[in-house]
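One structure follows; several queries about it will come next.
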Amino acid sequence: MLIRPDNRAANQLRAISFTPGIAPHAAGSVLAAYGDTRVICAATLEEKVPTWMKQQCVKGGWLTAEYSLLPYSTLDRKQRDIVKGRLDGRTVEIQRLIGRALRAVLDLSKLDGFTLWVDCDVLQADGGTRTASISGAYVAAQLAVKKLMAAGKIKESPFTDSVGAISVGVYQDAPVLDLNYLEDKDASVDANIVMTGSGRFVEVQSAGEEATFDAAQLQTMIGLAHEGLQTIFRLQKEAIG
Amino acid sequence: MLIRPDNRAANQLRAISFTPGIAPHAAGSVLAAYGDTRVICAATLEEKVPTWMKQQCVKGGWLTAEYSLLPYSTLDRKQRDIVKGRLDGRTVEIQRLIGRALRAVLDLSKLDGFTLWVDCDVLQADGGTRTASISGAYVAAQLAVKKLMAAGKIKESPFTDSVGAISVGVYQDAPVLDLNYLEDKDASVDANIVMTGSGRFVEVQSAGEEATFDAAQLQTMIGLAHEGLQTIFRLQKEAIG
Amino acid sequence: MLIRPDNRAANQLRAISFTPGIAPHAAGSVLAAYGDTRVICAATLEEKVPTWMKQQCVKGGWLTAEYSLLPYSTLDRKQRDIVKGRLDGRTVEIQRLIGRALRAVLDLSKLDGFTLWVDCDVLQADGGTRTASISGAYVAAQLAVKKLMAAGKIKESPFTDSVGAISVGVYQDAPVLDLNYLEDKDASVDANIVMTGSGRFVEVQSAGEEATFDAAQLQTMIGLAHEGLQTIFRLQKEAIG
Amino acid sequence: MLIRPDNRAANQLRAISFTPGIAPHAAGSVLAAYGDTRVICAATLEEKVPTWMKQQCVKGGWLTAEYSLLPYSTLDRKQRDIVKGRLDGRTVEIQRLIGRALRAVLDLSKLDGFTLWVDCDVLQADGGTRTASISGAYVAAQLAVKKLMAAGKIKESPFTDSVGAISVGVYQDAPVLDLNYLEDKDASVDANIVMTGSGRFVEVQSAGEEATFDAAQLQTMIGLAHEGLQTIFRLQKEAIG
Amino acid sequence: MLIRPDNRAANQLRAISFTPGIAPHAAGSVLAAYGDTRVICAATLEEKVPTWMKQQCVKGGWLTAEYSLLPYSTLDRKQRDIVKGRLDGRTVEIQRLIGRALRAVLDLSKLDGFTLWVDCDVLQADGGTRTASISGAYVAAQLAVKKLMAAGKIKESPFTDSVGAISVGVYQDAPVLDLNYLEDKDASVDANIVMTGSGRFVEVQSAGEEATFDAAQLQTMIGLAHEGLQTIFRLQKEAIG
Amino acid sequence: MLIRPDNRAANQLRAISFTPGIAPHAAGSVLAAYGDTRVICAATLEEKVPTWMKQQCVKGGWLTAEYSLLPYSTLDRKQRDIVKGRLDGRTVEIQRLIGRALRAVLDLSKLDGFTLWVDCDVLQADGGTRTASISGAYVAAQLAVKKLMAAGKIKESPFTDSVGAISVGVYQDAPVLDLNYLEDKDASVDANIVMTGSGRFVEVQSAGEEATFDAAQLQTMIGLAHEGLQTIFRLQKEAIG
């Protein structure tokens, strides 16, 4: 029988919360918590678009995501990226994933001429930092959009749907939901599922590092994620108000 | 009715081939072709392991993959990474993916003290460069292992299975196999499936950029990939000899 | 008559607080607030010393400080250092200042073989981020030392005194204490005073950008700082407990 | 008596060939072989000129060359430039040499507004990679010019002459032509001669690393190169067609 | 009783000189000597302003300072910055200090559209390189302004005052003036005082590394500096002519 | 008839001098002047060898050269390398050339365990900076060797010969010696000849940028250089003493 390190059932989420207002200078901000994982998510608006859009004559606006582990977020202090002089591969993957997830529920034509930045800085890392970042980034971006619409900077909301994310994996041969750090490092398969509030997938990423998985396991993991995300969508809605 | 730009059926692969010996100084090498996509894949052995393995006291060997688009592989000349001073995010993601795919079918303890490098340089890009790279990298690495075993540098083959990859996607609302560049840039969903010869998944990556997909579409895409990979496994086996 | 933007008297501090526990994975952490300026200060211990100490055969331990403005801490989003590829000059100056300030009240021989890292990440910037960082860094480092002594990792406290910092300046021709952002950007002279709890100076930095000052003004500014720091020392003591 | 490792006479070239079409996405491409040395040479056209030309108000077009050793081209795997973060000095010298050689036979005013890129990527290195690159780059550039003229993108050929290169050196006290890797690493003097089809020098570079040479030796080396280049000019002409 | 390594009195300067014309291609240049410390100071004019001035619509001109230790200026050869790939923190602080010092005596509106560069390259370092740089940079900049006015490139002198700098410190418990290297490395307090010819402070920087100081010591140090700077102002005036 | 900008005969050197002692902290130093070209050359000894020598188990010592244009050496201020973040190609070529030239007259086994650094910093550039650097670097290195032998740090001189360099070129269709900047920028062929005191070549580099040359011109240029170098060898000998 499966015993998870924190005694959760296989389909049980950790305590999840979204606390708005953590960074008042941002247009929208939230402290996203998935158990002991804490991420500062903040959205700010810039009145210009990336250079490549101008060069390639792409119309509309853009959303860019940045992700970082603060040095004291991990049990062993993590060196800052600037000290190493480059972003590590994991960080690059995560910030691209956050960006794609948010853009999938945005009508970028309604951000014409603007870049919406979403910054995700991990204050404490205990597994699932990328999924907490996506869910929190959506809340921060929605709060920013509301404030910017109230201020007349954006006319119409660019959001077409909501978006959230959760991790699933195979731990001790059993598919489980929302892995914490202890589970994550021993999992044979690690998956991240990004879905919209209307029930469609934005991204399914399932990988076995030095391990493999079969179609049945994939099916079960996707089911667990779908179920867990319903709670997250509800909590996001409450935080946005 | 679906009409693909090159008139293929939805479940039809492009012409696929693996031509060994393209880079004779490497321990193993192959020119992998998926239609007009051509990738030079080469495997070389280095008698040391990455620094992090020593620092973290990890035993065994390692496999590292590097991927690059040669400047003349694309229709518009692509600037070399060294000119920009950094790898772009897409390249980082692809070389991490190739590495994970190969390591999933390796028993690294049998490479004790060695790093097996697999280099994938795209000579011509027409969609599917990452999947052609994975399938070709496996062939190059197997050829290298055979040569290194013959030379007595490795005692026992570290391979536990074979591995191959193929792209699938949703193009004009229809799931299709092995997208070329024209299809890839218009696809609403883009997926890459990495499987072992024994029929297990190593990686499932399915993403909609500014689009979403449902569970049925995911199921169909996975089925197409599974079918197409049987041909690729056969061609790999012939190339390895 | 002087009217400060927030109606404070010339010798009046903003609301100042030190809230411990903001980053639980660190050995010690605190959220330092000087009015609307908020800095996450965290101290972590690493069981090695910098390379230069080994090369130059310097005995004892070390304390290194890092400082960063989170992108959403300023009214206009600040680009991350890693995007520009280098630390700007202001950041370099500030992290050197924080390090010197803390080391001035440490007996480094009691940290033999260890590096104490203090990280200061500005969550909201409204003037005085470097002084809030120093005062907060001292609290975080003391909390870390207490925890590490309780855990037996450090035998004896390396602290020989306490340390705090406050800004003073010449605003509308009048010397004033603890400038906020609006005052700072219009001040003709900007000074930062770092003192120990026992009343000695660690650092006096007074500079006029495109302006100058005389000996009498310097004297008054130093007096204001001395007075204001007494409150800060009391609040630090309460936070450390 | 001189015995060369591959039994060639002192004035004998290795097997030399130029095989067009290796990289079909380029405007012109060729696989240049000097014995076991293999270089992919490709020419592409970009409809803009370098920034410095605009800043300095230089009229006409430009030709830029880039050179790289693919990691598996050498007997020990060569680290990619991007991993080291910079081009090594040897690479910089070679790409400057290739560029000067080609520009010496170009009327740049006939490339007005365009940059012709020639990329030389070494697939297998066995001595003479820079001379094979120059000779191959000329063929690739001519093929590109023919195609671009046929497509109406360039009105008139910018070429005023042909250009080729060959190495000579002093090996076991004897001047020899077209050194392979074994000869190159033991040569006391290493020279590269770049000539035009009409028999004029573009570049003479003769250097002794930890050795010297006299005027007679220089004379003999130049004679050998002149003779060998006649064959290369003929093979280039055949490849261009 | 205090004995200084070179037997100077506590309030005695080293031999100080400013020799014009060291770098004839610069608009103004001087070799500044403070004892064995030698700095090449050169001022050049560029007909453009920094990008940030244009972006922030700041009117007028600018002065930028750069500082470097030549590799052979120190007793152990100092690696060039370009080899390390970045400026060290000390260099960044010093060049910011030189720039602020000079700008404090400039009316930048009279340099409209221009950047005045002052370069300070240390030929020999024996303590006080930053103060010698400031005093020398002022001379070089004045010489440049005179030459540029004579040539009609600048209409009116932008200088509003003169500026000079000197170090003071606490050495063997005694405040002393103009520390050489031996004193500097053993000083418990290190201060740099920048003043104008008219007797006002531009910058007061006083720091104890692993030590502290009191108000009386600060007062004495400032007095010593004020006295010593009178000689420096006279020597500067003679060099400018 | 040829008229050179400074009225020299075709075979006439500019005023050449070597003034020792410019950088007293270096083991050996000299200010080398070729007309208005001025280069600070300094040699310092480091008691370690480059990493690559240890990795490749190469015995003996090494000589490394570095070259830089000081920002105020050119008529338009030259940006420092560290600001651009990389060495330009020309600088890389020149420092490799200086290193090869010096090593050709050194018995590196007599520098066992040491690196001799030669730094060449151009104070004023008026053509021929690389040849002045080589000739000056030899003098600085000899002065350093004498001092290090006197101090017992080196037992035996590693020098086997002397070395000097001079430029030649084709200016207004005539071969000329020792080109200044005005001649250099209009020359159709630019050559640098490095010779030993005993009359052997170390390096012959002759290049036409967008031009070519014939065998007779090459012969004449080499003759001019040979003749001019006799004067330089004599002046070097006097400076070394």
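The first chain written gets the first letter, and so on, giving A, B, C, D, E and F; residue counts start at 1 in each chain.
Note that a residue touches a chain if its C-beta (ideal position, glycine included) is under 8 Å from a C-beta of that chain, and two chains touch if they have at least 3 such contacts.
Remember, it's a predicted structure, so these values are computed and weren't measured experimentally.
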{"item": "Intersection of the contact lists for subunit D and subunit E", "value": "F"}
{"item": "Residue-number overlap at the subunit C/subunit E interface, same or different (half cut)", "value": "same"}
{"item": "Subunit D and subunit F, separation of their C-alpha mean positions in angstrom", "value": "27"}
{"item": "Between subunit D and subunit A, distance of the C-alpha-averaged centres to the nearest whole Å", "value": "51"}
{"item": "Subunit B and subunit D: spacing of chain centres that average the CA atoms, whole Å", "value": "33"}
{"item": "Per-residue multi-chain contacts in subunit D, two or more chains", "value": "85-86"}
{"item": "Chain contact topology (line, ring, star, complete or other)", "value": "ring"}
{"item": "Ring topology as an ordered chain list, initiated at subunit A and continued via subunit B", "value": "A, B, D, F, E, C"}
{"item": "Subunit E-facing residues of subunit F, complex", "value": "22-26, 29, 36, 40, 42, 44, 46, 66, 68, 70-77, 80-82, 85-87, 117, 119, 121, 123-125"}
{"item": "Partner subunit E, residues of subunit C touching it in the complex", "value": "86, 89, 92-93, 95-96, 100, 103-104, 106, 108, 161, 196, 199-215, 218, 222"}
